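Next come two complexes built around chain A: one with chain B, the other with chain C.
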Partner chain A sequence: MTPDPIPLRAPSMLECRNCGAGVPLDDHFCGQCDRILALGRHGDYFSFLGFPRRLSLDAQTLERRFRELSRKFHPDYFYNSSPTERLASLERSSYLNDAYRTLRNPAARIEHLLAIEGLPPAKSDEGGVKVPPALLEEVFELNEELDQIRESREEGGDRETLRRRLDAAREPIDRKRVEHERQIAGLMERWDAQSEAQSPERKATLEALRERLFERKYIDNLIATIEREAAEVRPDTAPIQPTGKARAEDRS
Partner chain B sequence: MAYSDKVIDHYENPRNVGSLPKDDANVGTGLVGAPECGDVMKLQVKINPHTGVIDDAKFKTFGCGSAIASSSLATEWLKGKTVDQALAIKNTDIVTELALPPVKIHCSVLAEDAIKAAIADYQKKQQQDDKAGVPVGAHAGPTA
Partner chain C sequence: MSKVVGIDLGTTNSLVAYVRDGVPVVIRDDSGDALVPSVVSVDAAGTVFVGREAQRRLLTAPSSTVYSVKRFMGRGIDDVREDASLLPFTVSGEAGGVVRIGIAGRQFTPPEISAFVLRELRRRAEDHLREQGEFDFDVDRAVITVPAYFNDAQRTATRDAGRLAGLEVLRIVNEPTAASLAYGLDKRDRGTIAVYDLGGGTFDISILKVEDGVFQVLATNGDTHLGGDDIDDLLISQVIADVGLGVAADAAEVVQTIRKAVIQAKLDLSEADETEIRVSSMSGLQSGYRRHLTRVEFEALIRPLLERTLDPCRQALSDAGLEPKDIDEVVLVGGSTRVPLVRRLVEDLFQRKPHSDLNPDEVVALGAAVQADILVSGRREMLLLDVTPLSLGIETMGGVMSKIILRNSTIPASGREMFTTFVENQTAVDVHVLQGERELVTDCRSLARFRLRGIPPMPAGMPRIEVRFQIDANGILSVSARELRTSIEQTIEVKPSYGLTDQEVERMLIESFEHAEADMEARLLIEARNEAESVIQATEKVLRRPDFEQLAAEAFEAGERERIDRTLADAREAIASDDRDRIHATTEALNQATRHLAEIAMNRSVREALAGKNVKDV
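And then the complex of A and B:
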């Protein structure tokens, strides 16, 4: 993946394989011969797209930058070029797609930032960071309640009672999700404010972000379970959703 | 990726689902989770304090088929084992038995963690009882 280091050059520079000129790491085309550069050693998704390492990222700006570069790298423009350039166009297009998809999604953007800052998400088979016990207990209890609602429904329990229980179970999860989003937004802002300074607090911010991301999958799973169950206990005679579609979907 | 027959069997007929009284001094509870997939696994053991043998084991797992199968298998293996034998169970034993694919190895790690956490919880309780001067086994349940 990484080519041999080029001697006597700053680490932030690469060599154009066509004309030998020195080029900055995140340039896409050679400043001297204008050819597309092979994707060798490169920076990260932020720098590839020409963005600073910040978490607030305007969706329209990202979209515009993506389209601009997509056009420049498009393999159709390199149809008659050398094999090296054709390969470079493919590699840059593919890397650009990955970068765009990752940065577009805020959670994936945070994960990428953590990875390039040296805090990859902990894999449990590597015995990394553990989930806070209080979170596990909370998640386990909420799951148990949802499980009991499902069992009661399968035994033909009263729908109206089940709906009320489901609403009651949904409430703390919704609250948790709102709180989660609020904390993530706060940490993103804090990181952006710190990102210029070389302060030890930056690492603390990243670690707090990583811990918040742990919650995310649990919250998402719980919400998915609730949605599934909610679809099952929908009213038979639908006073809340009096559409023909809702009745047709209810197979009971 | 297809699940092996053994995983499907444990998933469809999980052994020892349920829970044991958490406050019983002879019951150890392990609650562990894998944040990357949002799984949560509870494994409990009931240990005879006189013999150090695991009399009963229960689990409840909210997660994928492999996580359920790994914890179900773990409870099967735990019954009748001593604490030391239980601690010797490795996640690789579960991987082999269930023929788990590489992407599901973390489920077996979770089960091993759960065993260790449950036994650690039991040992902590016993030490506390010793300190409090309660005779070992004073809380032994009806099956002990």
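And then the complex of A and C:
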């Protein structure tokens, strides 16, 4: 749900539909007549919330800003206003909610940054079969092992043995994920420093981030496959409840 | 300025509240009762009864009396067939369309039935405000609550019911959220709250974070088909199994009598450790029925049902990214939370004693009144940020649901999806909107189908049609579309899958005005009869006085006695008819004829009283 990138020659001013005054793009209310402004073509969640395009974002600060703006935009407060203002309030509230939901989640935040910096998310080829090159070896081994485990399970193999084999197969993938987390955290820091300094290497950092994100999604899918098989191997136990964190990331 | 009210339109009971001098209060009837049973009954003459009166008719005229209609709101016949089998009224409808309820030879949609309840609440509110000496006692705007887990069709049906009742529905608010607002009045500090709401027909769990007066729902879950009604049904089935009664339509009166008895037993067991289900002998159940029931037996019977509330609780916690220990307070809402086992289960899950300081039946209406007040007064100290309970998406190739707005997104929320054409010069595209969490279209709820028209003719795949889905603060969806290359706005005709079209609502509104006239006529007739009755009775009372003959002999003019006899007979005859004008005329004539009699009777009484006094004084 990341909106289109801002067009290259985005207008830098909005026009207040009430009094016609020109207003800076990131303002929410008209400086002249105080009315809520219709949401212009707007693509940047960071600037909408009044934040710089940085990837480290304090959760408390984000929440506070979200509540503060909710209190300004919410349709509850525009019941007696003109239809134009009511629509503006609905659109600004929706946009605020989308912005908050996106920036709250680190992965979604990076994807949004990539989009507004002109790098659409790396997508696998049609059909989604392309394996990230950095993972080829692990994926090959894992698939082979999973096939064998599946076969053995269907033939009634010893569940305890299978469970141990699954755990062993999962271990390199889990290690890879931890490694990736570390890399992404490093790249995020690098971006923040570079963006402050307007460094020309910023683009390379974003591309690296995009690649890591794509790989991480792939890793998450692998882990999900392993967990599905694990649930088959242990049919007596209830499926594991997804943790809140994993859930939240699904939603990005 | 007319008044705004908050309405809790419940499965079993409904109530109305408003904010008076900054404090929310529920509106009660003369006997102090706030609950209006959500029961509607129509007699052969077309007179509509609502509330207690209709509830009494459950026993005498079950097949023309509707209850628990909330279970049918925004649903199709396939959803409710199972429910309908236990109900005494007939439920029909085309496959994939709105349910129709047949009573007294008329067909009603669920919103129409609900509108009768809403009109009654509105009348109650207006009467109350008039008695309070309010200058402007018109009530034409309301906030109405719905279960948090209601889907778009169910919310829309509720809004339609409001419109049919002549109310502008300012906002549809989720019941648990409304309850938290009522609770939040005195404690505005920060914390995480779980609201467990088990009502007559629905179950909701909502997890909220409160900070700086902002009530932000983090996650919600529930079951729109789980509540006190189901507990009653379990007990009824038990009784029916005991007495070996077939559940046939002709047993409707017996089933309703049993229902009343088991509800009493259920209520008893919230206080006592044991009780007795008692059904007295009646036609269809000659021997009557008695059964001893302990709380232990009762709990064993209902435990599986109540345990179905726990998974939604866990899911909501997980969606909010929280553990039970992160919850600071647990609030109980809904009459069914009076059942001790519910309290124990909730306490076990959250490891904390649940709050129930406010009356669980009234807290939702109080919260709705607070929200109504926020909307019209512009008060800003509190703000409610709710979420959409179910993901919204569209059907894509292969019958797969593609999600556009995910569940537990704060509302208002919006989403966009791009469409294009498959054939040269194609000018229309069909879109199927769904709600639900499952992968396959067939496992999701169909909300609406619409056709994008007016696409400019272009080669296949060229048009870029952006469809915008907007969920407003009521949790209700609207759709708009635009072809981006030409900026041509598309016309969209939304055909709701389980709802009424705007035209249908309009038509019903007109019909309800016509019926409102009939209903008003019926009410006026009842009032005329009551007035005639009281004049007749007063006359008869005088006629029965031991000193009447003496009075007549002393004071009557010639022909006066005959005139009284004649007008009295006329009035008696008139009240047996449905002719309101005639009743009025004969009542008036009787009044005239007895005026002199009343005077002399009163004079005599006064004289006697004075005389008595004199005697006493001496």
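The rule we apply is simple: the second predicted complex is superposed on the first by the 206 of 252 C-alpha atoms of A that agree within 3 Å, B and C clash if a C-alpha of one lies under 4 Å from a C-alpha of the other, contacts with A are read in each partner's own complex, and residues count from 1 in each chain.
Please note the rule applied: a contact is a pair of C-beta atoms (placed from the backbone, for glycine too) under 8 Å apart; a residue touches a chain by one contact, two chains touch by 3 or more.
It should be emphasised that the depicted structure is a prediction, and the values quoted were computed from it without experimental measurement.
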If touched residues of chain A are counted for chain B and for chain C, the larger one: C
If you stack the two complexes on chain A, which partner ends up touching A:Pro133: first (chain B), second (chain C), both, or neither? first
In the overlaid three-chain picture, which partner chain does A:Tyr77 touch, first (chain B) or second (chain C), both, or neither? second
Figure out whether A:Phe214 sits in contact with chain B (first) or chain C (second), or with both, or with neither. first
Is A:Ile223 in contact with chain B, with chain C, with both, or with neither (first, second, both, neither)? neither
Quick check on the superposed pair: does A:Asn143 touch chain B, chain C, both, or neither? Answer first, second, both or neither. first
In the complex, chain B residues that touch chain A: 31-38, 40, 42, 60, 62, 91, 105-106, 109-110, 113
Listed in rising order, the residues of chain A that touch chain C in the complex are 1, 3, 63, 67, 70-71, 74-77, 79-80, 90-91, 93-95, 97-98, 100-101, 241-245, 247-248, 251
Chain C residues within the chain A interface of the complex: 170-171, 211-212, 214, 216, 314, 317-322, 374-376, 378, 380, 383-385, 404-406, 409-416, 470, 472-473
Show me the residue ranges of chain A that touch chain B in the complex, using the header's touch definition. 121-125, 131, 133, 135-137, 139-140, 143-144, 147, 213-214, 217-218, 220-221
